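Down below are the structures I want you to see.
One chain, chain A, links the two complexes that follow: it is found with chain B in the first and with chain C in the second.
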Partner chain A sequence: MGLVRYTLWRLAQAIPVLIGIITITFFLANQIPGDPVEIMLGPSPAQEQVEAIRARYGLDRPAYERFLNYLAGVATGDLGQSIYYDRPVLEMILLRLPVTLYLTVSAFVFAIVTAIPLGVISAKRRNKPADHVSRIVSLVGVSTPSFWIGLMLIIIFAFYLGWFPARGLPLPWASPAEVRGAETQLQVLLTSLHHLAMPMVALGTLQMAQITRIERSSMVESLQGEYVTLARAYGVPESTIVRKHAFQVAQLPVITIVGLGLSTALGGAVLTETVFEIQGMGRLIITAINNQDYELIMGTTFMFGVAFVGGVIITDIAYAYIDPRVAYGDES
Partner chain B sequence: MTDPLLSVRDLKTQFFTEDGTVRAVDGISFDVYEGEIVGLVGESGAGKSVATSSILRLVDSPGEIVGGEIEFKGETIFGLEEDAAGDLRPRDEMLSESEMRKRIRGREIAIVFQDPMESLNPVFTVGGQLREFIEINRDLSEAAAKTEAIAMLREVGIPAPESRYDEYPHQFSGGMRQRVLIAMALACQPDLIIADEPTTALDVTVEGEILEMVQELQEKYDTSFIWVTHDMSVVAEICDRVNVMYLGEIIEQAEVDDLFYDTKHPYTSALLDSMPRPDETVDELRPIKGVMPEAINPPAGCRFHSRCPEAREVCREVHPEARDLSAGGEAAHTAACVKHDAFDVGYEESPAIETEATGGFSAGFTETGGGAE
Partner chain C sequence: MATKRDSPTDGSTDTEGTGAGEIEARVGLRYTLRQVKRDTTARIGIYTVGFVTLIAVLASIDNYVFDYAIAEAIWYSPVQDPEQVRRLLPPVGMENQYGQGTLEHPMGTDHRGRDIFGRLFYGTRVAITVGFMATAIGLVGGTLIGAVSGYYGGRIDDVLQRVTETIYAIPFLVLVIAFMTAFGRDLTFAMIGVGITSIPVFNRLIRSRVVSVREEDYIEAARAAGVKDRNIILRHVIPNSFAPVLVQATLQIGVSILIVAGLSFLGFGAQPPTPSWGQMLSASRNYMLPAPTFSLFPGMAILVTVIGFNILGDGLQDALDPRINN
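And now, the complex of A and B:
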């Protein structure tokens, strides 16, 4: 089975998982005490008004019927109507998703770019000062919550030093008219990066620390491999051994951590967006829950589910691509 | 006789561990001449592998070569001298680390490790690994190295080498991988190949095939080998000369026939008795009694006395240096055992002692235990 067929097969396997996510979310959301219509209409509304709205959003139907309708909607790309925003859920998601992706992907780039050299150096100079420093940094990074890092960054770099803005995150491709203080597209980009720095570090630190730790231990192990000794015995320069022979083998566990971290980071984005007042998916899901906006809760949760499953699939495919021993799942 | 290709003199390699200094290799000397297969034999832990990695100067921390001399084709791989203050320092002519890497490792001395499953990198193709080492050690272009690699794979009996070139190690069986590693060693055209128990991890039929192949290729390329093994039957099959190691020392050294038919050291006899021999019928094999003492606190006197069936009081006191016991005109045959008259330390008059071999387990135990307990 080739890589393409393997990819298609893994995508097909994701469908039942996503149906499961929808099912659980649907029934959990409906178990939240209270009623979106009550929140919407305020205290003591007229009975006819309540019923009209309930009928309009289909809330007067039995749960199983609404569930089947919803599933059918998702299958055709319709995620329903947000009660709170009175707009299609999909539209809201498409509005907010780019911000979250921008933040999460940047955080990951930051994490990988710093963690991999740190881990490799740490492994190469095992039990020397550089290693100790990197290990302490990653230990602290792993054990500090991202929202706390965010708050500390705001206090130091926004409040006291005033180097970075504390709120908001304009997208780099937004039009200059939408971004305050920007006239050209280049200024938009610079403003965007300026805003990005702190939330990126806040969100990326945990990933950086985790990747550093796994990179280090994985490199330590592969550097002790017999194939590394063999390469040394055949006169391969030490730098080539580290960069090529040991490094490539060591990346297999790192890929797992990165892939799964992608989903953790989306969860972390909820907190980071709250701290930095960024209008992304995280804020959207919180608004949805606070207002019992059923369709929006399900829509956003579904998107997080898609992202999670996507992360796992990308991990699997990357694994199959890098490790020749992964036989694309066909044992026959 | 011509000069030896490799000459090892009084080599000492030690490991500085928390429990103490492990004298893994404790003053061994041997030569390898051109076109010879020299065996290095002994039980696990005798120091065979440390000795071979010392020759390539690949001993990892906390291990260190602390003394002795290694000469290869007139170059000094290892050699110390005393400076004015009386401290030991590397001699000027000793090859630097980068000279070792560029001129010796792979190019002049290649190695084949014991475990073919672990020796190849799992994420690179077999051909790619072979090609890389050939490129480095023979200054060939990538294309020329690939041609050479495929030719070498064919030489070691890999069927359809062109297509297998692009396969990964996990697609090869253990025996096939070991053939690849032998191809790797030969393809770099070294003068000496160190084979560190290359057939130990393979089953016996595959082992037989590989030994046969190595013998053929050895004659064809006229490469010298150091063949490390614990298996006397392998020694009998392929070695020209044999060094028997026990606890970091070489205790007997002889041509292979002399070693088998005119054994001079009780340890060698014990090794030979513990394996089946086609030329002798025995009711049961006699394993060597006891375990090898630790190299941190080697027993005083002869290191083997605690397990030796012929041990006498004097063995506990006198540490025998290996001597040539051959009669004039014969090939050298050295052994380190005081029972031979040449040592003249009063072995005959000395009373026999109880050892692990003679049944006195506790006696032997306290002897060997010494300060370790």
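And now, the complex of A and C:
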């Protein structure tokens, strides 16, 4: 019961933040120098034509009016019309968003699956060789630019060894007709995973390193807890202590860091998509900027914000689910 | 050596020193530095950061004062190969389809025949400047907002925190890209943009410290003595939050360098011909097959620099964390 109310409360809290995001993006898009109509129609268009276009996209009205219109539009699920492509912004985003989410979520899965064993081993063998190796790996991981990892992976695994494809990322649920070299849905899935491997590692390494660090320090702390000493005194086997008692408690800070890491990961997706030529949200925002496509820039920036806020809410709810104190404590 | 000399002095203060002097010594800047010097990892961090910063300073001097004269004397044209035939040469001792690597270009040349080593050298300037400046902007902005917000609480706190939360809610690379599209694509706006996105980090840190410091007796005493709010914040509250901010700032410099490298990679940031590491990596994308080392070295430069700041930050944290000291 507490959890449901907590979820609703958390969703309601997100509304002012979303309005804030729209305000920031609207303000920034309004500051962009240059005239989108000019870009659309070429250097010296006819005057009537310009005015017609301006009227059509509402560019002739004052800024506050456009802002209110935009807010109302977003509330009803209308992100406007892309000036450059002459298509609804939402439609373009919905085509690209699954790709970026697929990439980002996979990167986190990779990060969590590799980081948790690394962190736990590191904490268990504190200041021993295994710990040093894992600490160096995570130090290098947080210090390496993700796009450079991508370039190195392409050079080694795509160009020299030829194990993985260097560009593109088909979705696993795409129809077999759209994916080259695939005839059945299973082949589509395999092709997709094959394409996913390198971008996933490139994007996930930073998260992996950060989660390893938190997991280690959190496990070290939890292994020093009184209940662990008590369990040891009772003669509970060390492996059970680590797996059952210390581990669960230690996961709370890890969930927090996953939520916060989303911001870095979604930004990193822009770079990863550039390196691997993946047609996701990141490429969309760069194209939008290069075309001075106001509505599309606002829409993509807003959607990046929505993705982040959504991810944080999910991790918050997961946190409350694991630690019930959160849900009850915040209601008062 | 340092450890041997330091530990007896430290031991003697522990036994002989008065209680008040002890506490003073454990929070001061000098104590921190002594602690950092004793820590091997922190020392490695200091040396790395010092080395890279020195290179940045030297590169700036050579660029502005001598107009590449020093570099020209040491390397065969670091800026542009006049003959244009030495394009994409491999590093010394290696061979590719364009020829044999020579000592003239220890890391080979890029797609315009420019010496990669020389350009890495000058790229340091951009990376270090941006790292320090962006962090300074975030530090000043975040500290002020966090201190005011935490000290006054109430309505002011609510408004300021909502604003920084909103800034934080847009993935920061996307926010900086949007910011630079609106105001300008060059390095200045990259610094300001990255600085603004790091405001929430410092804000949160300072605010939580201020909220706890606010209740301390000496703040109460200062207020009772009629000290102005502004002076209480500037003279007492902020200095007392110095330690965690220093650690965060060091780590943030590394993060800023990574973000700006990413921005330059996307074409936002230092504009050619100013050499920057991210932009070198971006150019190298078209030549990954014939000249893979072109992509290798700029990334290594970023890695080494950022690792330096991270090691230093970790070392500072260990040195400043009372739980580890005791």
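Structural remarks
By our rule, the second predicted complex is superposed on the first by the 323 of 332 C-alpha atoms of A that agree within 3 Å, B and C clash if a C-alpha of one lies under 4 Å from a C-alpha of the other, contacts with A are read in each partner's own complex, and residues count from 1 in each chain.
In the analysis below, contacts are C-beta pairs under 8 Å (C-beta built on N, C-alpha and C of every residue); 3 or more make two chains touch, one makes a residue touch a chain.
Note that the coordinates shown come from a computational prediction; the quantities given were computed from them, not determined experimentally.
Look at chain A after the overlay: chain B and chain C fit there side by side.
Judged by the touch definition given at the top, the superposed model places A:226 against chain B, while chain C stays out of reach.
With chain A as vertex, the superposed Cα centres of chain B and chain C define an angle of 70 degrees, given in steps of 10. By the touch criterion defined above, A:304 reaches chain C but does not reach chain B.
When the shared chain is aligned, chain C comes close enough to touch A:266, but chain B does not.
When the shared chain is aligned, chain C comes close enough to touch A:143, but chain B does not. Touch criterion met: A:237 reaches chain B, while chain C stays clear of it. Looking at the shared chain after the overlay, A:289 reaches chain C, while chain B stays out of its contact range. Contacts of A:324 after superposition on the shared chain: chain B is touched, whereas chain C is not. Chain A has more of its residues touched by C than by the other of chain B and chain C.
When the shared chain is aligned, chain B comes close enough to touch A:249, but chain C does not.
Fitting both structures onto chain A leaves chain B and chain C with a minimum C-alpha separation of 7 Å.
Shared interface residues of chain A, touching chain B in one complex and chain C in the other, do not exist.
Residue ranges on chain A touching chain C, taken from their complex, read 16-17, 20-21, 23-25, 28-32, 139-140, 142-148, 151-152, 154-155, 159, 262-268, 270-271, 274-275, 285-286, 289, 297, 300-301, 304-305, 307-309. Those residues of chain A that touch chain B in the complex are listed here as 225-227, 229-237, 245, 248-249, 252, 322-325. On the chain C side of its complex with chain A, the touching residues are 162-163, 165-175, 177-179, 181-183, 254, 258-259, 261-262, 265-266, 278, 281, 284-285, 288-289, 292, 295-296, 298-299, 302-303, 306-307, 310-311, 314. Considering their complex, residues 56, 58, 101-102, 104-107, 110-111, 113, 115, 118-125, 132-133, 136-137, 168, 170, 181, 184, 188 of chain B touch chain A.
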